[in-house]
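In what follows, chain A forms one complex with chain B and a second complex with chain C.
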Partner chain A sequence: MSDRPLPTETPPEPAAEQGDRFAALYPSEEGIRAQVARRQRVATGWRVAFLAATSLAVVILSTLLLSIINQSFGLVAEQTDIPEAQLVADHYKSQVLGATNVLLATEDDADIAAGIAADANGIGLLGYAVYADNGAALQALSVDGVAPTAETVATGTYPLTRPLLLYSSAAILSDKPQVAAFLLYTLQHAEEVMSELGAFPADATALAEQAAALATTLGLDPAAPIDPAAYEGDIVISGSSTLNPVTREIARRFRGEGFQGAIKISSVGTVAGFEAFCAESADLVDASRPITTVETAACAANNLTPLSVQVGLDPVVVAVNSANTFAADVNGEQLAALFTTATNWSEVVAGWPADAIHRFLPTTDSGTMDVFVNTVFGGRTLADLPYDALVQIFKANVTAGRCRAIEAEQRFYADSFVCDTEEAFTARCQSDAAPTGCVLEPRDKGSLVALIQADVVNPVVQQAWFLAESLFRREEIMAEARQAYPTADVHFRRWLTLDFLTRPQSSQPELAGVRTAILGSLWVVAIGILVGFPVGVGAAIYLEEYADKRRRFNRFIQTNINNLAGVPSIIYGLLGLTVFVRVLEPITSGAVFGVGDATTANGRTILSAGLTLALLILPVIIISAQEAIKAVPSSLREASLGLGATKWQTIWNHVVPNAIGGIMTGVILAMSRIIGETAPLVVVGASTFITTDPTGPFSKFTTLPTQIFQWTSRPQQTFLLIAGAAIIVLLVLLFILNAFAIYLRNRYARRIG
Partner chain B sequence: MTTLAHDPSGGPFAIEAQALNIYYGSFRAVKDINLRFSTHKITALIGPSGCGKSTVLRAFNRMNDLIPISRTEGTVLFHGKNIYDADVDPVQVRRRVGMVFQKPNPFPKTIYENVAWGARINGFKGNKADMDALVEESLRDAAVWDDVKDKLFQSGLSLSGGQQQRLCIARAIATRPELILMDEPASALDPISTLRIEELIQDLKKNYTILIVTHNMQQAARASDYTAFFNMDTDRAGYLVEYGQTDQVFTSPKSEMTEQYITGRFG
Partner chain C sequence: MENLTVLPPRGEAGSSRAGTVNAPDVPDLSRRHRIGERTIESGLFIAAAVSILTTIGIVAILLEEALRFFADERVTVVNFLTDTTWQPQANHFGILPLLNATLMITAIALLVAIPLGLASAVFLSEYASPRVRGLLKPALEMLAGVPTVVYGYFALTFVTAILRAVLGKDIVQIYNVASAGLVVGVLITPLIASLSEDALHAVPNSLREAAYGVGATRFETAVKVVLPAALSGVAAALVVAISRAFGETMVVAIAAGAGPKLTWNPFESAETMTGYMVRISGGDLSYESLDYKSIYAIGLVVFAVTLLLNIISQRIVARFREVYE
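On to the complex of A and B.
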């Protein structure tokens, strides 16, 4: 034991000259300064390089985001076969006209006035001019506390106010100077005439401006009054009965000043007036509402481009008999009841007499009816209509063949056919054999609305403009669109709307939504995480805490897991296709459990996709969980074991809680990855076109990225726009899921800390 | 050295190592240790770095099992049973042989939970009040109660190093072990904290048998009843050089090497 030498000597002094020798190898004092400065310059260079890299990344990311946003909003020129609003309005018009005790439906306001004046229980709708003529026998109800007066009409507070317009076209005005002269004369004399008649002229300045603009277009002197004696030829005027008295009075004066031609004025209602005009049998239209896109389209067929001037305003008066003592003010709901559902007055307001309401109405064709329906039932959509009405709208607007085909696909009513005969129904759906081509559940309202949207309304975006151009070139685009698509409705459209989120996929981009895809994504990600998380964390715990790393087999497994993390995702898709879709088909199609159906019998289900994604994220979760577990200090394990804890107690109470932050980070990364996965899902069989929501793990499915991929590969521009909107949805979904996971992680971390 | 020569006290023994050899892979870290420890005494294990004293200490609660490449030969008798027998569960051993580590390692839980957790997993049957009492008494016994009584539900990591180490001692004694192994418990602490730990160890002797590894000669001299001196042999394996009453080892060591070590001539 004494063979160890004991330290007895003191260490030798360091040689002094050696220190000098090394010091001489460094730069001199000046050289040091230069050398440090040089190193600092290099450091600065690197700093600039890193800053540039960061800036580049920021610029690229912002550009990406901006371009997506740019795509998702903007002006569109949208063409519809029949606007949804018109279908809705037509429905309510028929409701109003189909109400009980409609004693009169006429185009002549005077008849309506006379009818109400003679009936103590009468109520009706008429233009203000006629109402004013019959002031003593009638009284006007105020709506929402506002009575129709000059002031409330001018300020627009009386809700049932409409514009009074005159329509013509540039071609007519240049072909027939007498028509142009009459129109200009009308503008010049509207204020005077309408005031005399007790009607409401448009603002004097507006009238003058319109007159000046029109005169300039026609090549006349805006300041000079029209001399009717200088014109000859016929003038045909057709349209609204409301504007009729004004036009008649102006025509009387026009003739009085020496006009030689004939003026033919017919009071047929605005709708009929436009029909005549577009059929080229009228030169001017008296209109009590603006022209609709459908009417514009009809005119366009005859190469007529409508042109309008506004001469006045007209309140639609809700008139009752002057003997009516109870009704004075009504709100929108009561108005709706008064003209549709209620039979007796008492049904509208408790306390009103239980006498029948006698209704005196204008016809479907009148502008008065349009204004009434648009005001009282405005803002309602197809979804607000009853199911039966929707069925009738559908049937009335598609071909019989289409209707039968749709009904064969899925019926409207459980017990009968609408578009086909009773025999056909019996033959197809009540035979003893299993019903083929006859899904037993009738349609629901949502699908019927979607059907009408697609088949009847059929909106087609003719052209769309990006957000930036829409903002900066709005006027030009408007003009361009009016030129190119005269019948289309040009408006600002957000592609990312609530409807977009809640509608299923559709072959029409205007009607397509991402609901099916969002649900599919959530299902698939949920299954992926629910399977991948426990398996991955379990494997990580085994590999870190139990497996003996000295054994070659365990090292082999570890190496493989590390390599799998870098395998392209499509390989996992192939694996999923082989294993889950093909081999395990009885399980993944749900056949073993007696669920699922013929459409999922091939195993291309949410379950297969979820399991494939679980495989895909397994290496990521295992590796990150392993790192997190490794990072738990071994002193904690020793402390726990030293107290007599078992290995499992140590892992469960100390290792996992301390590693959970890192583990969750891995899960978040994994989730972010699979929510954007497309390739493996396409291989496993995500449907690119599917309109039914997934109902469970054995459903067919599609996911957001698959949907986006499919849309971007379509040739139509509009699909690209909704793909942009879907990308935003995907990003937001990702943020939401990540935020939730981070919240969970932080909550856990706090509890442990 | 293969006989039970080092048997300074006689009397009842808490634990006993016979022909203990510990290997790390093929390297023998500790060779032929024969030692037995008297109950309710403090025994200091001293020696230069790398002589295997910590390895020997950790052999008494099978902590070395945690190192996959380690292998233990020989016998450690505890209540007449070799704790390295195949039918012995190391958890059974650790349940009865507590340990305090070199670096304070409280759980990242509340102070209360640090003490209560060991009791809870070991089947403590008391109700909430009993548990509160156990926690308080353990913290009092570990001389840290006054420091923490107002913040029992704050994290154990919020304490200073010395307080943390006393919390770890409280945690160890809360499960009422028979033996407490201390692996340089004061080496990471300042002198004041060290002193308090030493006083605490003296108090604990009444109820527990304590084995303490230390690098600090004064600490061994001040705080222990017996001292075992280890050294590293030429094959780098640690072995027991001398074992005796602390007074005797420090004042008249039998081995020249012991004398050189305690007088600071090597190590």
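On to the complex of A and C.
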């Protein structure tokens, strides 16, 4: 008996041995504690790691969205050939100068004052200084209830106010110390002189600050007054008649304090003043408005970088004869009528006399006119101009050849040519085989505005900054941009605008939009769903309700569908290219039906693309519809069959209505999948540049994602920015679809549950 | 209970006909030949057969055009498989540079996606409270629903910019394999996370409770009990993700660059198979040109590899699935 002696033969010793074995199997208390602590540390460590990884995945999602938003907004330096605002202002100036009874149009305010003073029906625009000199013979109209007085001008409530500026350049100031001295002297004495003359000086602190800044850059002592006797050489000043009396008076004092050189002052108007300055024949410009980008560009051509100081403010006075008893206050609309459309006073305000308005105006070059037009017609765009005016603007600003080419494409007017002769019109448009340009409806205003935007305004974004840096480094960027692109307009731009949604594709990214692409996407997706939905649901019903799963063939169909779901989408593109574009070309190009045209005859049409996408989403629809049908309890089928309904009646009246929520969710998910699908459409479509809206299933097409792809393949940065904006459009579209799918799922899930 | 016994069969209405069930003037409806029913069934069968036709179509056109490609005297199969350059003008048709770029991108993508995706799946299934899970899982699924062209844009404008800022513009080219690979990784992360999470979530709680009962920590339970139990689902998810990365097109077409190049440097540009297909088919091509035929030969390779991976994934699920009651 081996087991009996064992307990006796192993007294304390074996017991200890057993204790050791026990100790080896079960560690000491400290050991257990240490082990537990270690395991807990490991567990905590991994917990943190898992949390970090998950957070990282979510952070990447947010980064993706933020980086796209970051690129779709921001500062841009935009260069235009002719700014839109200038085209509009020029139009209204010509309206004002082309109105009836313009008795005088002159650069000299004094002549305007004299003219109005001598004419009881006279009205005109002039600077305040000259108006003040002729106080007795004239009276100023108040605008919107505000009369031009020292107070209203200083507080900015009087609308027709402009800055009075002196322009020079750093180069001139360092080359000719006498010019710098005169400019500084002007700043130091402007307040005194202008107040004496009854003009409106700029704020005293602003003048002092500008003087100090100028003195510092010139290396002079800001506190010390200028001693004219210390300077010699000539000074040539040119420009606005409004600032002229002030400059004259300051020059008189400058000479009076011992200046030996000659000072030549001419009153030629602000525009002519800048012309002289940029042509290097004037040192200083009296300006009654800021320099324009076009003028800056002209100066830049001569390596002159304009630099300005503001010396005063000038209200433009709408003056009438002092004998005029009826007119005292006008609003913006009445002002517009007074200077453009109205012939008689009675047309402006009922009750005013039916006498002709006699107009005394400054010329188109004067700052007074600029202020008037910018105030009264400010904020209007090309779209506010009449069609005829737009045609004239287009014709005046493009070459004759371009104008003719555009007109040959599509006419401006139904019955005549603008850019070509009467004979050409007769020969082309009244022949039997009139080209499409003569058959199409004449252009509409929207397309004409777009044409002017592209050909005349021609905006080019020289550089763009992303949203984050635009917000945090705004000042630096502004300075940088002025340095790098002196003639460009630096402003904040949203790339995603309503215009962006409604404009067609264009070769200029600044003017391009996604309308064509959105329409293309909708067409393609609609065809894809219309074909894919019935086929997919039909297949799902067959597989779930009819197919005998024991049969090999039916199991093969099921496996096959699972495999198709994993085929890369570009392979479907190759399938579509071969089958729909090449083999079925007569059908997909519309040739069989006698529709479609030569440009789409190669079969790369919306129909081909839609059918390709239908095949692509078939597995997705089938699998989700199968799931939905499986979820319908078989008791429903049995009940229906038990009542004698046929199989189809059971499916149609009981299975499908109960599964429809799940089926619809699947369809919408499929839709959101093909809205973003790109690769097969690039293969099937191959369209590089489509600007016309699709008109039907046989049109050539572009879609939102293919458009994004093409824009990202362009080297210019601006195309990347509009691609970002287009991505936001695409994501919003997707988001709406997904939200709709979730809504449907919840709604139907509740009903069945 | 009498009216129960006199109910007419097959839904015929009215008690007036009660008791006339076996009268000879009532036709036997179950024998009626229903043409409509048969037609509908045939129609539905055709709908189901469309998927078969699609597969046949894909295989047939890929094979046919690929054969036309190899039938060209300038191309040989050996050349196609072994030549290390792809220069159609110079009669070099080696798929290696394209294949190499595809594999590099797939590898980089997996390096990113496997740790991220698996960790997210474990976290969502084993650690997260139901509320956190309910928030994060749809967020990940939304990430999976973002169109790939958007990921391509993200790679080009964001990831490449960061790589260039960090590593230097001399080292990282504007178009490079690394940024495309990283972003493809981001793209397949939600796929791995979502599918693996489904598999982990399906493991019955009794296993977890048993593990806790013998004193395992949560981490030990997750990694040593739940993960092995769900291994087939997780492996299938990984294989599907590889297939997805292999066939991914838009990200690489946008960010990896144009021009096949055999390189091991991930910061250089190199065109992948799918990128090549997009570039060539994006232009207007003559259907007889060798370039046109070549995209089918390459398409055949892509199709074969992804199909193989998908079949492997389905086999894994079918064979190694643990069934718990």
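Going forward, the second predicted complex is superposed on the first by the 611 of 753 C-alpha atoms of A that agree within 3 Å, B and C clash if a C-alpha of one lies under 4 Å from a C-alpha of the other, contacts with A are read in each partner's own complex, and residues count from 1 in each chain.
One rule holds for everything that comes next: a contact is a pair of C-beta atoms (placed from the backbone, for glycine too) under 8 Å apart; a residue touches a chain by one contact, two chains touch by 3 or more.
All values derive from a computational prediction rather than experimental measurement.
When both complexes are overlaid on chain A, the residue A:Arg550 reaches chain B alone and has no touch with chain C.
Using the contact criterion defined above for the overlaid structures, shared-chain residue A:Val42 touches chain C, although it does not reach chain B. Applying the stated contact rule after C-alpha superposition, one finds that A:Ser672 touches chain C and leaves chain B untouched. By the touch criterion stated above, A:Ser142 is placed in contact with neither chain B nor chain C.
Contacts of A:Asn653 after superposition on the shared chain: chain B is touched, whereas chain C is not. Judged by the touch definition given at the top, the superposed model places A:Thr152 against neither chain B nor chain C. In the overlay built on the shared chain, the residue A:Ser346 is in contact with neither chain B nor chain C. Applying the stated contact rule after C-alpha superposition, one finds that A:Gly644 touches each of chain B and chain C. When the two complexes are superposed, the chain touching more residues of chain A, out of chain B and chain C, is C. Once the two complexes are laid over each other on the shared chain, residue contacts for A:Asn397 go to neither chain B nor chain C. Of the residues of chain A, those at positions 643-644, 646 touch chain B in one of the two structures and chain C in the other. The part of chain B that touches chain A in the complex is made up of residues 61, 63, 66, 68-69, 91, 94-96, 98-99, 101, 103, 105-109, 117-118, 121-122, 155, 168, 171-172, 175, 234, 241, 255-257, 260, 265-266. Listing the residues of chain A that touch chain B in their complex gives 1-4, 6-7, 548-550, 633-646, 649, 653-654, 658, 752-753.
Put simply, chain C touches chain A in their complex at residues 9-11, 29, 34, 36-37, 40-41, 43-52, 54-55, 57-58, 61-62, 65, 115-117, 119-120, 122-124, 127-128, 136, 139-140, 142-143, 145-154, 156-158, 186, 189-190, 193, 217-220, 223, 240, 243-244, 246-250, 253-254, 274, 277-278, 281-284, 287, 295-296, 299, 302-303, 306-307, 309-311, 313-314. Those residues of chain A lying in contact with chain C across their complex are 39-40, 42-43, 46-47, 49-54, 56-58, 60-61, 63-64, 67-68, 71, 534-539, 541-543, 546-547, 556-557, 559-564, 566-575, 577-579, 582, 615, 618-619, 622, 643-644, 646-648, 672-673, 675-679, 682-683, 686, 688, 705, 708-709, 712-713, 720, 723-724, 727, 730-731, 734, 738.
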